[in-house]
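Read the structure below first, then the notes.
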Amino acid sequence: MKSNIELSASKWLNTPTPLSIESLRGKVIAVFAFQMLCPGCVEYSIPQARKAHDFFSENDVAVLGLHTVFEEHVAMAEVSLKGFINQYGIKFPVGIDKPSNNPNDPIPMTMRKLSLRGTPSLLLFDKTGKLRINQMGHVQDLVLGAQVANLVNE
Amino acid sequence: MKSNIELSASKWLNTPTPLSIESLRGKVIAVFAFQMLCPGCVEYSIPQARKAHDFFSENDVAVLGLHTVFEEHVAMAEVSLKGFINQYGIKFPVGIDKPSNNPNDPIPMTMRKLSLRGTPSLLLFDKTGKLRINQMGHVQDLVLGAQVANLVNE
Amino acid sequence: MKSNIELSASKWLNTPTPLSIESLRGKVIAVFAFQMLCPGCVEYSIPQARKAHDFFSENDVAVLGLHTVFEEHVAMAEVSLKGFINQYGIKFPVGIDKPSNNPNDPIPMTMRKLSLRGTPSLLLFDKTGKLRINQMGHVQDLVLGAQVANLVNE
Amino acid sequence: MKSNIELSASKWLNTPTPLSIESLRGKVIAVFAFQMLCPGCVEYSIPQARKAHDFFSENDVAVLGLHTVFEEHVAMAEVSLKGFINQYGIKFPVGIDKPSNNPNDPIPMTMRKLSLRGTPSLLLFDKTGKLRINQMGHVQDLVLGAQVANLVNE
């Protein structure tokens, strides 16, 4: 049985092979949807993803970034994202959300599919690949720590 | 069977009845040992205790403060602690660690019993009353959230 | 000619001799009115006073604390203030605002005289002893730096 | 008489006309040299520049950004800088430091001329156009406020 929701990434950085919810079956997956020029993402979301990546075991939890660009597409193209990842020392995998097939639609595919309302957004998938939390804005570190641990313990 | 370790409090504030590890059996217990004039406690530990108290269900987790005064005893007497609790809007129960029976020993009883090395210190007891974590210094919010959730899920 | 406004302190700590606006004539004087159990004072005002004390030359600028207790008087008595000063490593002189002669008036004398509306409050006196700024709440560091420098340059 | 040091900018953003130290003669000039993907610049320098721009009168002080890209040139090209300025709501003028004529030299012209050692760097020019402070790293807000005020008062 396939996961009911899948990420649509045109490319994956910081990982030797492309990732998917399906391929990570058996782990809790925390996806941090962000834009590299979104101040709230840079101040809160990226540091939080880094803490989660540092703390949880990779055997239990996959921490992923997803670059969901819905504005300033040229400013946040792949080459700039790579510079951002490098300068901020991001070690976890980052997917690039696939642009819409409709050239007039600025919203990329995963963002559209999951009805994300902006960045940062946090997606938590359980070990069976089911999307359990989809929340926009800043989630407190303490709350995230508990939510992820709860899913790991299921 | 009694809990193997018990708090020694001369008084409890913010609670109608005195508390103990024994009386809270069945809940995870997070004890934040602090001094009201310890800068690191005020900046990190008290806000963290407040977040834990706000987030976790009182049915699952008891968040307690423990005023473990080992220096400046007169400056941090009960009347000042009450003012501190009031001004900082602390809603969770706070116990006052019992002074040593030896008047030459500045270390209060619980602090001595658990070999706490200073403030802030975090104590996590599991639902059976067993002390599982005893850590000095600042614990990241994300880590605390996960640790408490892990104990709740046991 | 005497300064038009004078501090009323029952005691001075961290200084060998009592201080006054009059005695500091010739220097810019920055008075940080605070209460040791006021969260905004502890988080913003005391660190700011410390930075001002570290940066400006003592020949040009006198940085003073003034403990203006208008609530929880017993909790914030002199013995506790001394513990606070010690634990927070405060090096600049701190005056204790003199209690009102009227035992029913919780507002101390300087606070009443200058119509301070609460804590923290910042008072800036110029080199002639004239009160030039009387502002409640947090003043940005950049603004304070400029304001003090402006008075020094007069 | 011309200013002894001039900025070399290939382009100016957020201003109807190109700027120079010479053209701003009579004002104190605070130049914040930054890179849009430098974490310390984003966390400290840009917010500080914004505060300085908000607080000081434009008649007295010109606050400028200078995008001194010395690494990841393609990632931080003009189109991305424009997105950064837009997303971070930067209102002050930002010059783009002119690339070296030597295609093998990653250091742009102003950066080379002033021997800037990295980003962020702060440059303060007095009202006669003379460079008075050239400091790498984070300058405390209080210190900057005083330094700029001192130059304004000259």
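Per-chain numbering from 1; labels A, B, C and D assigned in written order.
Throughout what follows, a residue touches a chain if its C-beta (ideal position, glycine included) is under 8 Å from a C-beta of that chain, and two chains touch if they have at least 3 such contacts.
Quick caveat, the model's predicted, so the values are computed rather than measured.
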Report summary line: Common contacts of subunit B and subunit C, by label, are none
Report summary line: Expressed in whole Å, how far the mean CA point of subunit A lies from that of subunit C is 49
Query raised in the report: Which integer distance in Å separates the CA centroid of subunit A from that of subunit D?
Result: 34
Query raised in the report: If you look at subunit C, which of its residues touch at least two other chains?
Result: none
Report task. Could you draw the chains as nodes, link the ones that touch, and say if you get a line, ring, star, complete or other? Result -> ring
Query raised in the report: Can you list the subunit D residues touching subunit C in their complex?
Result: 48, 51-52, 55-56, 140-150, 153
Query raised in the report: Within the complex, which stretch of subunit D touches subunit A?
Result: 35, 37-39, 42-43, 72, 74-77, 79-80, 82-84, 86-88
